[in-house]
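Please read the structure below before turning to the comments.
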Amino acid sequence: MSAALEISNLQAWYGESHVLHGISLSVQPGEVVALLGRNGAGRTTTLRAIMGLTGRRSGSIKINGSEAIGLPTHKIAHLGVGYCPEERGIFASLSTEENLMLPPVLASSKGAAAGMSIAEIYAMFPNLQERRNSQGTRLSGGEQQMLAVARILRTGARLLLLDEISEGLAPVIVQALARMITTLKEKGYTIVMVEQNFRFAAPLADRFYVIEHGQIVETIASADLNARMPVLTELLGV
Amino acid sequence: MNKKILCMAALILALAAPFVAYPVFLMKLLCFGLFACAFNLLIGYTGLLSFGHAAFLGAGGYVMGYALTTAGLPVPVGILLGVLASSLLGLVMGALAIRRQGIYFSMITLALAQMVYFAALRAPFTHGEDGLQGVPRGSLFGLDLSNDLVLYYVVLAIFVAGFALIVRTVHSPFGQVLKAIKENEPRAISLGYDVDRYKLLAFVLSAALAGLAGATKTLVLSFETLTDVHWTMSGLVILMTLVGGMGTLVGPVVGAFLIVSLENRLGDLGTWLAGVTGVEWFATLGESVGVVTGLVFVACVLLFRRGVVGEIGALVESRRRLRVRRTLPVSRADGSGTPL
Amino acid sequence: MEIFGVPLQALMSQLLLGLVNGSFYAMLSLGLAVIFGLLNVINFSHGALYMVGAFLAYIGVTQFGLNYWMMLVLAPLAVGLLGIVIERSMLRWLYKLDHLYGLLLTFGLTLLLEGVFRSFYGVSGQTLDVPDALAGATDLGFMILPNYRGWVVGASLSVCLATWFVIEKTRLGAYLRAGTENPKLVEAFGVNVPMMVMLTYGFGVALAGLAGVLAAPVINVTPLMGSNLIIVVFAVVVIGGMGSILGSIVTGLGLGVIEGLTRVFYPEGSEVVVFVVMVIVLMLRPAGLFGKEK
């Protein structure tokens, strides 16, 4: 079985600015990995590069075995990737339900179930059902974050790229998000998450990559987390 | 150092020019050159695209013409009144247009200039479609301006004065603030500058100089028509600046020279092209100024955005960087040492 | 019967003419707004493409023996296709730049299109006959309604409202609205945004072409008919703002009516009344009547 995501020597530019200097990592189906690092290290850029949202890219990005490095963004999505950006991107001119229904269901992953139905999503996120006719941006921060993730679940994407979903949210909401990630993992989703909040990511991820200056400088498996804490503390300045 | 030599050369050429080319044609070039430079002050240095600059050209021209014909005033007063009229118009138009940003600003200038067009069309003193004819050359400080050669040097002096004013403005602290506004307006505001005041001042200055160009042109050609207030004229000055190089000092002048010469020679160019290619339609090129102008516009926006002077400048800059790179010490093998 | 010293028939007739003009303002400013929302480009060539629509109708009827109803469908399609070619081959390269370049490019295209048509047709006008089914007039009691003018207003309003419905109430419209806010994210969801952009531009200019066909039997068809109109439409857009579809429609119609009324009481002012309204709005409510300023 091929890796859900296989990146080799990924380099990326924003215009003239060279931001990723050779990222290589591999994620198996059903795994949850976390990208850690200081601000500006290139974590968000890595996710964006996977989606083709940066400038020039070179190297190799294989999603379920298909090469994605040369594809336009909308075709990459069709490979079964769901992207949840840091700014959440809830559309103000659409209602909650319109926001939810917006992404088209992708005829993507072979064999895997098509996107979650609306009923399943509302079962998982009951508060979204309550607010379905409200304008998207009138939801609270936590609700908007839920909406942003629920949106991509509808598409049938099995590889989820989540950028700082716990940022700026109350602890009670963050706990709910952690439970959501666990549920998704049980359902077999593959998740790559960029997280500033180490305490949030620590119990969820199978593996941690530390990124600095556009490169991976440290790879730590979940089992070795305690042993490598000093290294991590130094790198993250936590 | 290079610049001083180029300036000297240009000046000498300008002084000698009327002996090799038609003085009236040259004066037309200078007037449009000044007009384009005035326009460039807004787009090239403040980042404001005015789509209604014809209003100022025409206002200066019509008021000057009226002053000299009906009111019988002397030439310097006429020119002054023309500049005053266009400045006032600039104040009003600018104050209204600045209330909106970006693309809305341009649309407002276009709409307001259209109002000026209709005013010129209807106002009795402009004689509407017939145009204002028979503007006398008169005299200036005892110099007889009906002599083309004499008038040429007067117009050259006006041009140099206007150009020098623009150069001074651009290099002054005021000009630096304008550039800051162009690059990052929110930043300029956060630094405490009253951006609207600066924009308005730049607008009025630009309008005044455009009016000066218009007034001078009316003096040279002895008439003023609605063409000068029509929106196609506003488009033409944009084209001149684009072709020559937006944001450069000399670019608009070069662009004006090129476009005015092209318009002049279009008929001949068309006939030549028809002869060379055997395509009859080319012979009508002389009447199809719009088609050629449109083509040049499209080609420039897509392929030639920096304009003539801009491209030359970029070429010179890349050569200079190459030379500098060759003369600096190479970084040492162990990785230390000053990077290039 | 007289109102303010003007016979009712004359007043109603001018009001109707105002509504006719207003319909064109509405259709054109709607197209401009839709294009600007998604592409961030002010399509100066909107007026020229309106002219092309009118000329295609004229040419189709007089030279190819097609009838008005066929041209009502064919001309907008042709103009839409032309728009798609323009977007694909030229506009697309300018999106990364300052959006003033889009305005300049479309301005150049305007000169080009008008120049080409001028070289074939000169500046004098052509007229197209009103189709038989719409000829004549209906007596409404308080006024005589020229059937064709009633048709123009009705057809334009229907098209505008249909456009509003599609944009505000359908899934397709949701893509457009979302794409206006954040095109990259919509693309990340798997929507082919470049194609949506292309089709939106084509649709916007097809609206202009349709307006041209509607206009051909009532307005003198000349190569310059578009540019005079587009400058007024710009003023309409400044007044109404481009953020709201309904706002564009209401503003366009309203200004047409105001223009018509001005023509009754103060004919010379009718040329500039829209600009005067723009000046007033700028002084009192700079953001525009319905604007959600970008």
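Going in written order, the chains are labelled A, B and C, and every chain counts its residues from 1.
Convention: a residue touches a chain if its C-beta (ideal position, glycine included) is under 8 Å from a C-beta of that chain, and two chains touch if they have at least 3 such contacts.
All figures in this text were calculated on a predicted structure; none of them were measured in a lab.
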{"item": "Taking each chain's C-alpha mean as its centre, the one farthest from chain A", "value": "B"}
{"item": "Chain nearest the overall C-alpha centroid of the shown protein atoms", "value": "C"}
{"item": "Distance from the mean Cα position of chain C to that of chain A, given in whole angstrom", "value": "44"}
{"item": "Chain A and chain B, separation of their C-alpha mean positions in angstrom", "value": "53"}
{"item": "Whole-Å separation of chain centres (CA-atom averages), chain B against chain C", "value": "32"}
{"item": "Residues of chain B touching at least two other chains", "value": "none"}
{"item": "Residues of chain B touching chain C in the complex", "value": "49, 96, 99-104, 106-108, 110-112, 114-115, 118-119, 122, 231-232, 235, 238, 242, 281, 284, 287-298, 300-302, 305"}
{"item": "Chain A-touching residues of chain C, taken from the complex the two chains share", "value": "171, 174-175, 177-178, 180-182, 184-194"}
{"item": "Residues on chain A engaged by chain C in the complex (per definition of touch)", "value": "51, 53, 72-74, 76-78, 83, 85, 89, 91-94, 98, 101-104, 106, 151-152, 155"}
{"item": "Complex contact set, residues of chain C against chain B", "value": "36, 42, 90, 93-94, 97, 99-101, 103-105, 107-116, 118-119, 227, 231-232, 234-235, 237-238, 268, 271-272, 275-276, 278-279, 282-283, 286, 293-294"}
